[in-house]
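See below for the structure under consideration.
As written, the chain order gives the labels A, B and C, with residue 1 at the start of each chain.
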Amino acid sequence: MNDLTAAFGLALQMLLTLDADLTEIVGLSLRVSFTAVGLAALLGLPLGAAVALYRFPGRRVLAVLLNAFMGLPPVVVGLVVYLMLSRSGPLGVLGLLFTPGAMIVAQCLLVLPIIAALSAQTVADLREEYDEQLRSLAAGPLQRLVTLLWDGRFSLLTAILAGFGRAIAEVGAVMIVGGNIAHSTRVMTTAIALETSKGDLALALGLGIVLIALAVTVNLLALGLRDVARPQYA
Amino acid sequence: MVNRRSLMAGVVLATFLALPAWAQEKSIVVASTTSTENSGLFGYILPKFEAASGIKVKVVAVGTGQAIKLAKNGDADVLFVHHRPSEEKFVAEGLGVKRFDVMYNNFVLVGPKSDPAGVRGMTDAPAALAKVAAAKAVFASRGDDSGTHKKERGLWKIAKVDVEAASGQWYRETGSGMGATLNTASGLGAYALADRGTWLSFANKGDLEIAVEGDRRLFNPYGVILVNPGKHAHVKAMEGQAFIDWLVSDAGQKAIGEYKINGLQLFFPNAKKMGS
Amino acid sequence: MSPALSMLERAPARPAESPTNPSAPTRTTPILPLRLEEVCYEAGGKRLIDRISLTFGGGARSVILGPNGAGKSLLLRLCHGLIAPSAGHVSWAAPPAIAVQHRQAMVFQRPVLLRRSVEANVAYPLRLRGVGARARAARVAEALARAGLSALAKQPARSLSGGEQQRLAIARAWVMDPEVLFLDEPTANLDPAAARAIEELIESVHRSGAKIILTTHDLGLAQRLADEVIFLHAGRVRECKAATGFFTQPETAEAEAFLKGNLTW
């Protein structure tokens, strides 16, 4: 119980004093996760929409895989990315291992199925409504995909936020491919794991509280923006 | 249709990607153990080395087994661990250039204050473990193929206790790092073998205290090895060797000796004089 | 049923050359007449459209009239190419090389509006066709003005009233300058004032040179708009003749019953 109260105190203190180490770690966490989610969205939104819109061989299998991979264990993703990026692996020459770049790749892979599967659902729902009209307007396959993604933008934001939540909160993958190197690849979650293993539970929990506050803030901002814009368009 | 907006999003994203400063300054990756990182030793000595050399040291702190694996794959420039037989094998296989003694400390057997196995104050570690086994007192093992784990298994062997058979009963393998294992021991009121460095810096001791120490078989030497650039051409041999040279130099040895927690020295430098 | 005939088969009223696309040579070839030959459509084991043969020539306002469930919407979708016939052929006069889909438009009973502004909705088909930004802006402004929606240009489309939404859907179709405009029950669910505005707008589209083919079960609308009437009942064309003749001298019992308001099914 002492640790709990101490944790809140520490979290507050770290936030109020803008502790230098903390801001560095928070900054890297945000940079890595935003970039990973951005990339995953860039790939996952069209992928999900394609699964929802087009008929192609292997579509069913892909849809099932995307859904199944929403629960991909981060450690496994981390391990696979490690083996790919290791100097002894096929992509070793890139020298990405133990850099933020490797963490971005791992989180991107982790988040991609979530964004793709959720956007497939959103686009499929929207397609029900739009399909005849778009065919009447002679929209091409690519045009239909872009139209549905754009018109589904407010719902798709939820998919992206789900991906962001997953990325910012996972520890298994970034620990393996980032190495939790101080001032280099240490992010919120690996710092929490480190402080836990040092037995400094109050500090670990304090960092955890900061992480949750961060996730809540990002969600509030995004959803707030959406709610300002959406009522008129929905 | 979304051309202007998507273009803008693309530009923003590209900036984000380009921004990350993993533009390489002079740096090396050191695969090391959790005991050196978690004890705070690196946090104390690395800034001194970086100031002296201009080389940034990136420490990936994992178990000895995993650290060796990383080095073997060429994912680290320097290996800094504490299991001498594995280290010598690493060099013998040509994976590393040469092993240097750096420092040592020792292991301690920690346990709950109630001491259900009645081992407190003993100085014969294997005998104490035999008593733990006889009492079926709960023992938390790393179980992760780390240097500490390898040491612990060696001690059980001397004590002639078959822990495999007791696994899951009184012998609990956590399969995780030193800190996590100590957290478990603290929660279970279990005995555990820990390196003194991690133990001293561990903040969640709870009911745990040192039960057995001082056995020379609890000696815990650390060695440092440059990964063989002949095996992995990208290994930063110059910078890596500079780090090793500094560790065994008077300056490095002094820094290691200076590091204390609550006035207690954690690591004892023992490098052979240069040129030996 | 006698083979259908188009009462007013004459040269299209629209100018042969579109002012918005003067250089396109295909524009000189009209896509009409639209010919249906022995067209059937089946779903769930039921024949919903039964051997319909029809020819739609240019110019006239053709009204497909009939009670609910007669198959009016299906027939319109078959003509527009949204669904394929189970048997028979739907063909345009234009040679296959011409993209007929780009030269016709349809307004659905319930307008499907994009989740964008009013003007973005009108601009959308032009973007699909690669019309440049400047030409697009001019044509959008013109279409909005014709539909009386200029003041609402920046509004989100889905915030409009039902009548405004339907006018927007027509403006969006009109902006493409179609040779044929299909409308499915364009005034259903609208109050009389809004319906009146829609009818006037359809008139304007027709005056601009487009062939109008619309479905309705509303006798009043048919009487005001129709040049020719295709009376549909139970998936079959029962009568197809000039509007004046149809309303004064229906040939079939079903049409007579419908005109008297006795046929609701």
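The rule is simple: a residue touches a chain if its C-beta (ideal position, glycine included) is under 8 Å from a C-beta of that chain, and two chains touch if they have at least 3 such contacts.
Just so it is clear, the model here is predicted, and its values are computed rather than measured.
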{"item": "Chain separated most widely from chain C, comparing mean CA positions", "value": "B"}
{"item": "Most central chain, judged by mean C-alpha position against the global CA mean", "value": "A"}
{"item": "Chain centre separation (chain A, chain C; CA means) in Å", "value": "47"}
{"item": "Whole-Å gap separating chain A and chain B, where each centre is the average of the chain's CA atoms", "value": "32"}
{"item": "Between chain C and chain B, distance of the C-alpha-averaged centres to the nearest whole Å", "value": "78"}
{"item": "Chain C residues counted as touching two or more neighbouring chains", "value": "124"}
{"item": "Shared interface positions of chain B, touching two or more other chains", "value": "1"}
{"item": "Where chain A touches two or more other chains, by residue", "value": "143, 147"}
{"item": "Chain A contact footprint on chain C (complex, rising order)", "value": "77, 80, 82, 99, 101-102, 105-106, 108, 112, 114-116, 124-125, 128, 155-156, 158-159, 176"}
{"item": "Of chain A, residues touching chain B in the complex", "value": "31, 34-35, 38-39, 42, 86-89, 92, 95, 97-101, 104, 143, 146-147, 149-150, 179-182, 184-185, 194, 196-201"}
{"item": "Residue ranges of chain B touching chain A (in the complex, touch as defined)", "value": "1-2, 13, 16-17, 19-20, 22, 29, 34, 37-38, 42-43, 56, 58-61, 72-75, 176-180, 182-183, 186, 201-205, 232, 234"}
{"item": "Footprint of chain C on chain A - complex, ascending", "value": "129-130, 132-133, 135-140, 143, 147, 151, 153-154, 232-234"}
